[in-house]
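Shared between the two complexes below is chain A, which pairs with chain B and chain C, respectively.
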Partner chain A sequence: MAVATAVTPPSREAGPQHRGTGERKPVKRRRERQGRFAFWLLLPAFITVFGVIVYPMLRTLLISMFEVKSAVATVTPFVGLDNYVQALTSGGFWEAMGRTLYFTLVSTGLELVLGLAIAWLLNAEFRGRWLIRALVVLPWALPTIVNAAMWKGIYNAQYGALNGLLSGLGIIDEYQAWLSDPFTALNFLIVADAWKTTPLVAFFLLAGLTSIPNELYEAAKMDRAGRIRTFFSVTVPLLAPSIALVLVLRTVEAVKVFDIVYAMTRGGPANGTQTISYYTYVTAFSEQNYGLGSAISYLIVIVILALSALYLRLLRRSEMSLL
Partner chain B sequence: MKRTTGGTVLTYVAAVVVALGCIAPLAWTFLASVSTQSDIVARPARWWPSEFVFDRYATILFDSSSAVGNSFRAAFVNSLVVGVSVVAISMIVGIFGAYAFARLRFPFQRTTLMIFLATYMLPQVALLIPLYLILSSIGLLDSTIGLIVVDCALVVPFTLWILSNYFATIPAELEEAARIDGTSRLGALFRVILPSAKPGLFAATMFAFLLAWDEFMYALIFTSTDAAKTLPVAIAEFAGRYTTDFGLVAAGGLIASIPPVIIALVFQRQVVSGLSAGAVKG
Partner chain C sequence: MAAIALTGCSVTGVSNAGGGTGDGTGTVNALFMKQAGYTEDDYAEIIAAFEEEHPDIDVEPTFVSYEALHDKIVTSAPSGSYDVFQIDVIWPAEFASKGIVADLTDRFPDSWNDEMLPGVLPTAEYQDKFYGVPNGPATKLFYFNWDMVAQVGATEEDLATWDGVLDVAKRIKDEGLSEYPIAWSWAQAEALICDYAQMLGAFGGEFTNDDGELIINNEQGVAALEWMKATIDDGLTNPASTTFLEDDVSKAMAQGDTAFGLNWDSTLRDLQDPSISSINAGVLPTPAGPSGDRPGVNGAMAYSIGANSTNQDAAWEFISYLTSQGVQDQYVDAGLPNWSSSYSDEALVETNPEIFEVAEAAYDDSILRPAVPNYSSVSQIIQVEVQKALLGDKTPQQALDDAVAAANDIQEG
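The block that comes next holds the complex of A and B.
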């Protein structure tokens, strides 16, 4: 997904393009040869990716239309779209969707703001920048499960660093069980997730920042544009494709979030951190309702596709090009 | 851009804040891993341990009579096997595919790439049940081979994407010169493209390794014993079982983080240039 910045707009004075000269035969034959060659080059990728995905996707679609309520069920009546209806009319589904939406919006927003600030910092010239760059990599490299275990420790009610810090500063009188309130737990989960993923966002945005030609900043300076003005009329528009790309990546990840929920809260307390992927997992595996679980996972696919389509439209408007 | 003094001061303040934000949680976790249990639970919080104990590291790394140690070491080996294999396979597969996307013209090129990238949008949870049934019917449940196969399907779209973006930035003239000298396309790929695509190759390798090392859901469902269980699963289990011994979980977690951290630190310089190819290509 190469994202083109508008750095070199096509020159309007360019002469008439050599279109419509008709395809000559050697060109056509070369095209065919290239097509065949491309097929062989891509075959391993097709096998490794779609060999694993296609059949399970179809199978899940099929299961979603049957009532399969245990791993060893012998009677599995066809129920059509009943599982979908059941999901869409159940409170649990919408609550999980709501939480997922909240998680997605807040975590993506947080990561974007912090990521932009960090990218801006890493793009500035100062002594010791190499050290900051190296340090910023650390949270990203930490495995998600380790990150979850670490933050679970930080939030712990008996020995957690957060309690130690806040009571040391005199902000709280007693140690708090931070993860025992559903909404607080969800927010703290977001903080833990953002701590790990912000560096990647920062690196994507930094990649975008470094590609903005310096001449544009000099031009802005000549026009006596202030820092803020320059930021909004040079940096932001040219960074838009990178921002859009990060939005797509992070939104998809956020909607799919599972690992950190599993390792930190197991969806609790009182289902307060049960995101849609975790809800699906519980439905399919703990409750062994495979039919319903499959239907919900297809509903997740639809949500992700809808969001991505929306973003892709935005991307295209900002001159995105694929390769 | 010349900076005013105010700007410089702000820059350094921001740098310190960012550095602390990255380091503080890790430092606390490390100190907990070498503190006695009574120091960990001390109130008011004891930020610097009264004595350093490395017992937990010794247990995890060397104690062959400890169940925790044994399963951690088995998981470490499994993670290495899976990680290295997934990187090797998805880099090879990715390099060939990426060359096709970056250098050849064929029907439905954009669509094909889009379909590969779209697989990233599938939630893993949607594939679990059928994959479980397939893996169990061909005897690949609880095996590293089974895990490698399913992990590659997650990683290949990423290597394809990063590499095709990077390959596309390499001037076509370089390759054409070699081709005029009679080199085949594959020869040009290995002799011209790959040597000049190092940042892209490093970035892709790093992403692939981090993804494979981090993969949790498949490993959680498809493995059950030390034969194939990877580190994330082992650590999630520790963390669930030894809730009172945070130091042990911390020690295990930090050891498990060493390989990806080293790789990330070594390759981080390449990442931005590797990624910027993706973000900049016109």
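The block that comes next holds the complex of A and C.
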């Protein structure tokens, strides 16, 4: 696409219809020259994409079919699909998948509801709206690792702000170790993650909201539709493309969740927060089983591809074009 | 087909063990642990002094937390990015069998056999070869808050056994001096294994039998875990312990939230530093259990040279300096020396008498974690199962049965 657009405009401008046929040759040469120029312009991007995406993916695919027990191993027997079989038959893999699914569903759902509410508020006319809009984006601007460190402090069992707040309000009698129970810890991770990513969702949806023509709301008013009816009959259908887009993005991101787990709980307690990415990391690097780790990463890729394909199909069926 | 053609070769891209001796000059990249033992400032001082003595060697230190150290060593191994790295006593088998660390046996002077503490010399030994120079003995000691102990009328003698500790802890809790008098580093991490090791030893157990099979589901292993769980149920152990690393235990003690905690020998320095700690801290060897032993977990570390380092001579030069008696004696408040004669140097012992005294006792009965090549996997399994018992998801017996089954499974596989 980029090549075509880079080449066509000048050719139109120097189109042969304005000049005699004798001038065709230099035009062709110029076209070639520009094609070459475009190639050089694109080369860095191509090398980068190949270097950081295509090559590692092919290499990982290759490694996933060998038994590689050390990064400096000189002997690595070919084992075919054994690593995939081992992953799919291990309890740890499915438990991690289950936790990841839970994390994905709950965090994406939470972010969607909160994001929609925030977008709805930010779309209303009020004084100082620009300031609030700027403030809302702040959590998203924080690096995940900083966000994780901050929430780890908030949840701290001895001096955490959450304990301070809840005991100050008289809701709890004594300080709680929020991250000490496996399932509770997973839910608290979700809250920390949602706090950071809800602004992104809100902004996507806000962009969608601002593009809904006001006439539609006026028409709804004339038809005596209430606020709720208007929301579900006008806003939601017209916002659907934005919602779908943000769902795809957030689902893929949530399935891949790693850094917040690494920084806050390191998968504990009792593996309660060990998501599939973290499980892969532990398998590949802590246990030095690179073959199995690579196979699991490919299984994650398959899950993400399947989810994306599903979303895109749903979109097409509902006749809403995404691109 | 292409993949099959590759059978027998390596997909890692490494055809043979790289690395080289170098010419004894140039840059030495060193990877150190961030917490416990020598601080970043200590290393900076030592490196500055070393570079003055060796003007043509330049040492570039990098620091990571203990929890990130293993993975950093492993992932940087193929490129040989680090000439020197600090390894834990539990890794030599893994790193040696996977070709990550260089064999240093030929570089070890014979005189070290006599000069170095016999318990310390084999810190990084695997199959009769040395893969690292020890940086002194290290074990977990028992720290306590003197004021709280005195306020309930207890003495040091009462803290000689775990039964005594629980009794004093109950009194401290009843007096309202501390909500949870004991804190432990029971997060899902190696720290949990270290604490469990000391309890296992106190109950007379061991990790493995003579065949190297895990046996912690026997009577002693289960009794140790049941004891740990009971301290949570009795409200004596801080329930947040299952999220704590050593650093969190140290902080809880320094703030006066808790009376007792196991921690590394270098912790005393922090607990006695008025800018960090508000308490009057005391230290003892780990208390005795039913076995009568007071075994400290062997938590020594060592400095190794990367198998793919291209500057191994200069790296050795630096390690020799770093672990020399002169340097180690200077930093006894951060870590105990390797050298036997340091322990009879009265002037030196005077500088850190409490630690010298208790470390000696703890080392007499020290307990080792299993020296197996896939220790990391075995440790992960035990961490998770022990936590399940501590959180009440499984009985201690069930959890340890499951741990043993899973660990022996991967040992065979």
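Here is the rule we go by: the second predicted complex is superposed on the first by the 273 of 323 C-alpha atoms of A that agree within 3 Å, B and C clash if a C-alpha of one lies under 4 Å from a C-alpha of the other, contacts with A are read in each partner's own complex, and residues count from 1 in each chain.
Operating definition for what follows: a contact is a pair of C-beta atoms (placed from the backbone, for glycine too) under 8 Å apart; a residue touches a chain by one contact, two chains touch by 3 or more.
Note that the coordinates shown come from a computational prediction; the quantities given were computed from them, not determined experimentally.
Novice: Would you check which partner chain A:63 touches, where first means chain B only, second means chain C only, and both and neither mean what they say?
Specialist: Both partners, chain B and chain C.
Novice: Once chain A of both complexes is superposed, is A:158 in touch with chain B (first), chain C (second), both, or neither?
Specialist: In the superposition, A:158 touches chain B and chain C alike.
Novice: Looking at A:182, would you say it contacts chain B, chain C, both, or neither? Reply first, second, both or neither.
Specialist: Touch status of A:182: second partner only.
Novice: Which holds for A:93: it touches chain B only (first), chain C only (second), both, or neither?
Specialist: A:93 contacts neither chain B nor chain C.
Novice: One more residue to check, A:174. First (chain B), second (chain C), both or neither?
Specialist: Only chain C is touched by A:174; chain B is not.
Novice: After superposition on the shared chain, which partner residues are touched by A:282: those of chain B (first), chain C (second), both, or neither?
Specialist: After superposing on A, A:282 lies in contact with chain C but is clear of chain B.
Novice: Just to be sure I read the superposition right, which of the two partners does A:311 touch: chain B = first, chain C = second, or both, or neither?
Specialist: So A:311 meets neither chain B nor chain C here.
Novice: When the two structures are overlaid on chain A, which partner does A:84 contact: first (chain B), second (chain C), both, or neither?
Specialist: So A:84 meets neither chain B nor chain C here.
Novice: Does chain B (first) or chain C (second) touch A:270, or do both, or does neither?
Specialist: second
Novice: Looking at chain A, does chain C or chain B touch more of its residues?
Specialist: Result: the larger residue contact count on chain A belongs to B.
Novice: Under the contact rule defined above, give the chain A residues that sit at the interface with chain B and also at the interface with chain C.
Specialist: Correct list for chain A: 59, 63, 158, 285, 290.
Novice: Okay, in this complex, where on chain C does chain A touch?
Specialist: 3-4, 6-12, 14-17, 67, 70-71, 74-75, 77-78, 94, 98-100, 179, 187-189, 238-243, 251-252, 255, 257, 307-308, 374, 376-377, 380, 383-384, 387-388, 391, 393
Novice: Please give the residue numbers of chain A that touch chain B in the complex, ascending.
Specialist: Residues in contact with chain B: 1-5, 7-8, 31, 34-35, 37-39, 41-42, 44-45, 48-53, 55-57, 59-60, 63, 117-118, 121, 124-126, 128-129, 131-146, 148-154, 156, 158-159, 161, 163-165, 167-168, 175, 195, 199, 203-204, 206-208, 210-211, 214, 217, 241-242, 245, 252, 255-256, 258-259, 262-263, 277, 280-281, 284-285, 290, 293-294, 297-298, 300-301, 304-305, 308, 321-323.
Novice: Name, in rising order, each residue of chain B that touches chain A in their complex.
Specialist: So the residues of chain B touching chain A come out as 1, 3, 7-8, 11-12, 14-15, 18-19, 21-23, 25-26, 28-29, 32, 40-41, 43-45, 47, 89-90, 92-94, 96-97, 99-102, 104-107, 109-110, 112-114, 116-131, 133-134, 149-150, 152-153, 156-157, 160-161, 164-165, 168, 185, 210, 213-214, 216-217, 220-221, 231-233, 235-236, 238-239, 246, 249-250, 253-254, 256-257, 260-261, 263-265, 268-269, 271-273, 275-282.
Novice: Applying the document's contact rule, which stretches of chain A touch chain C when the two form their complex?
Specialist: 59, 62-63, 65-66, 68-78, 157-158, 174, 177, 179-182, 265-271, 282, 285-288, 290
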